[in-house]
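Handing you this structure, nothing more for now.
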Amino acid sequence: MDHQRREVMRFATVFGLMASIGLIAPAQAEEWSRAAFAEKSLDEVFRVIGVNGADTSSALTFTAPEIAENGAVVPVMVSSSLRAEQIAILVEKNPNPLAAQFFFTARTEPFVAARIKMAETSRVYALVKAEGKWMMAVKEIKVTLGGCGG
Amino acid sequence: MKLNLKPIHLIQRISPRIVKRMTLNMLFALTLNVIFMLFSMNATSQEPSDAEFNAMLKRSLRAEGIAVMERMEQDATQALCSDPALIHSQAGKQTVDLIQQANLASIKPPSDGIYIGDWRRGEAIAQSGRGGTWADSGKERSGGGCYNCHQIDRKEIAYGTLGPSLWNYGKQRGDSKEVVTYTWNKIYNAKAYQACSSMPRFGHFHLLNQQQIQDLMGLLLDPRSPVNE
Amino acid sequence: MDDGSERNQGHVRRLWGLRMSNPMRIRAQENQGIVDVKILIRHDMESGLRKGEDGVLVPAWYIHTLKVETQGAEVFNAQFGPAVSRDPFVNFRYQGAKGDKLFVTWMDTKNDSRRDEVIVS
Amino acid sequence: MTASILRLSLGLLLCGSAVWVCAQSSTEDVTQYRDMLVDSNPAELYMAAGEEKWKTPHGPKQTSLEHCDLGLGNGKLEGAAAQLPRYFKDTDRVQDLESRLMTCLSQLQGMSEQSLIDAPFGEGPKKELDEIVAYVVSRSKGAMIQVSTQHPKAQAFYAMGKKAFYTQAGPYDFSCASCHSQDAKRIRLQELPNLTSPAGAAKAWGSWPAYRVSNGQFWTMQHRLNDCLRQQRWPYPVYGSDLTIALSMFMAVNANGGLYQAPGLKR
């Protein structure tokens, strides 16, 4: 890792300060969708993020473990053979199903990997919007106990 | 209910007649042990003395919550099983028998004569590994932590392998008086059959109460329990 | 900004808070025109559903937006809810070149934010 | 939408209806889970913070830890962690990494050792110590574990650690050996390293300290041992106490010849 270490420079985050005192909007391209993350069922999340029907597709690859030793960290990876505009990851049995969503530009490859929390064993949905249409994949991920449980 | 923290000396828990016979036997065995230990100490000359070792433990550990320092006072079973060289020695083998007898003699059958409880509650007890640590209050009932070491209901995939699989336990063994008594005894005091078993003595140290042991018995032996599907 | 106001004190706290946040760990490597970007962020990502040691719920506090810009244009925008793991990790790819300067910015629900930059290798 | 969810649920029955098939492949699946996690270890965040703390002058003498001797000379970090615990002449003690760093923090920067010992895990000065540990061990990554018992005190600590490893006590009759003296066993789904075998000890000793995903914390070996003893239902081990160092000595010497790969990533 050492040889790969970059000189990571930190800015005074003028941007953040400006955002905090309301001089500019927090994000210009895609504003954080508080509503989508607050919804409590899959269908409500679909409605808010504009999914009105999605089918499984071989163009979509969703990689996640069958078994997660701990629900606190569940690695997920989504990719597509079609250019993606948006990817969303939903956990059916979490109190708020939408875990994360990603917005891509024409330069972004249709690929994302992240780590999410799962409250319990649940189906996990990966949704990809490509060419204006949504497709999806679903996987059941078992959340187990790894250690003594004491 | 509070955990009984102080190690119980087995000798005090068995009938006077057996004590008399056993004390003599044990004294003989222990004398042999001491001779053996002195010999092995000279042989390797690296083993710390008990005084040194206990002083090290004393300055390194402190009481925290229910985890009091008295927990470091070993009973005869723990003292034997802390010495792997001794267990496999000639003197050790004799002590092993005595320790098993003493543990067996200390087991109490259920006071209401009921051996088989509710398997559903038993499953919950088998799942929970809580209790007995310095982070526990001692007010809540402990779990049995059975899945930590055993496969039980096959639907639970997160099971340990330190102990044997208990899947179909009752289906394979039936519910004869011998099987029921053996199972009760094994949960109550596993050291009755294997002096240095890794399994805690759940009844002996009051880690589980009578009701909880009955419920675990149900999980293992009730024909309706999913374990016996 | 008016001096001595509570609002001003708030900013002092925030400035201190900004100084305390840890730098992100960013790896960005180009291979055949595709830049692979891996970002690790030190953040507790409190969901608001977790009880602390005193048995009281720890208030929600998590990163809600992470964005990556290069040459004045955004190439990646992520929105998180409380179900993104503690110390978040994100991996994405874009069409770029060695020497690209990436600006990575996160913002959380207490309006804390942080911006780090990295040169693609 | 609902219709397509229903269609999908057919595929999901794979695991639900034939649970035992899933059970048989569970170990493979857990391997998949771990493989997906190893790529980016959040311990790197602690390493970066620790490097800054190592290099920044602190305390009344405004000294940085670059003058700290971890056994290979002042400020020499490369491979140092892979040779700990060791006997130190200046303190006339056998010390592990954490206790040695406490010596440096107190001697070089005037920090109170007691305040470090007393601080709760993951907070205040102990969190800073954790970060320094993360940085120091990262500079031994790939080194061979080489712990010496040449000094009589080091030899005595190994013997003491071995005795402690097999000592049963407490209401559960547990010793370290109860869980860590056999090959290929596990608790729940977690494999238990056999710390009495060179391979098992090397795998365990060589991958701690580690970032634990279950609680999102970086744990030093002192923290790891503290939680082992908690689960053993023993009394509380004092941070940096001789018992903890002796147990580390036992593990580290058994691990000699193995590869030091810390900081690791654990469940």
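By letter and in written order, the chains are A, B, C and D; residue numbering begins at 1 in each of them.
Assume contacts are C-beta pairs under 8 Å (C-beta built on N, C-alpha and C of every residue); 3 or more make two chains touch, one makes a residue touch a chain.
It should be emphasised that the depicted structure is a prediction, and the values quoted were computed from it without experimental measurement.
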Query - Contact-richer chain pair [B-D vs A-D] - result: B-D
Report task. Could you tell me the distance, in whole angstrom, between the mean C-alpha positions of chain B and chain C? Result -> 51
Query raised in the report: How many Å are there between the centre of chain B and the centre of chain D, using C-alpha atoms for each centre?
Result: 29
Query raised in the report: Could you state the distance in Å from the CA-based centre of chain A to that of chain D?
Result: 32
Requested in this report: State, to the nearest whole Å, the distance from the C-alpha centre of chain A to the C-alpha centre of chain B.
Outcome: 48
**Report entry** Per-residue overlap in chain A, given as positions that touch at least 2 other chains
**Finding:** 67, 72-74, 77, 115, 142, 144-146, 148-150
Report summary line: chain C residues touching 2+ other chains are 23, 25, 27, 85-86, 89, 91
Report task. Please list all residues of chain D that touch 2 or more other chains. Result -> 22, 26, 44, 187-189, 213, 216, 230-231
Query raised in the report: Between which chains does touch occur?
Result: A-B, A-C, A-D, B-D, C-D
Query - chain D-touching residues of chain A, taken from the complex the two chains share - result: 1-2, 42-43, 46, 51-56, 63-70, 72-75, 77, 115, 123, 136, 138, 140, 142, 144-150
Query raised in the report: Quick one: in the complex, what on chain C touches chain D?
Result: 22-23, 25, 27, 38, 40-42, 44, 85-87, 89, 91
**Report entry** Residue ranges of chain B in contact with chain A within the complex
**Finding:** 127-133, 143, 145, 147-148, 157-158
**Report entry** List of chain D residues in touch with chain A within their complex
**Finding:** 1-2, 4-5, 7-8, 11-12, 15-16, 22, 25-26, 29-30, 32-34, 36-37, 44, 47, 138, 187-190, 213-216, 230-231, 267
**Report entry** Residue numbers on chain C that touch chain A, as the complex places them
**Finding:** 1, 11, 14-15, 18, 23-28, 34, 47, 49, 64-65, 67, 73-86, 88-96, 105, 107, 111-119, 121
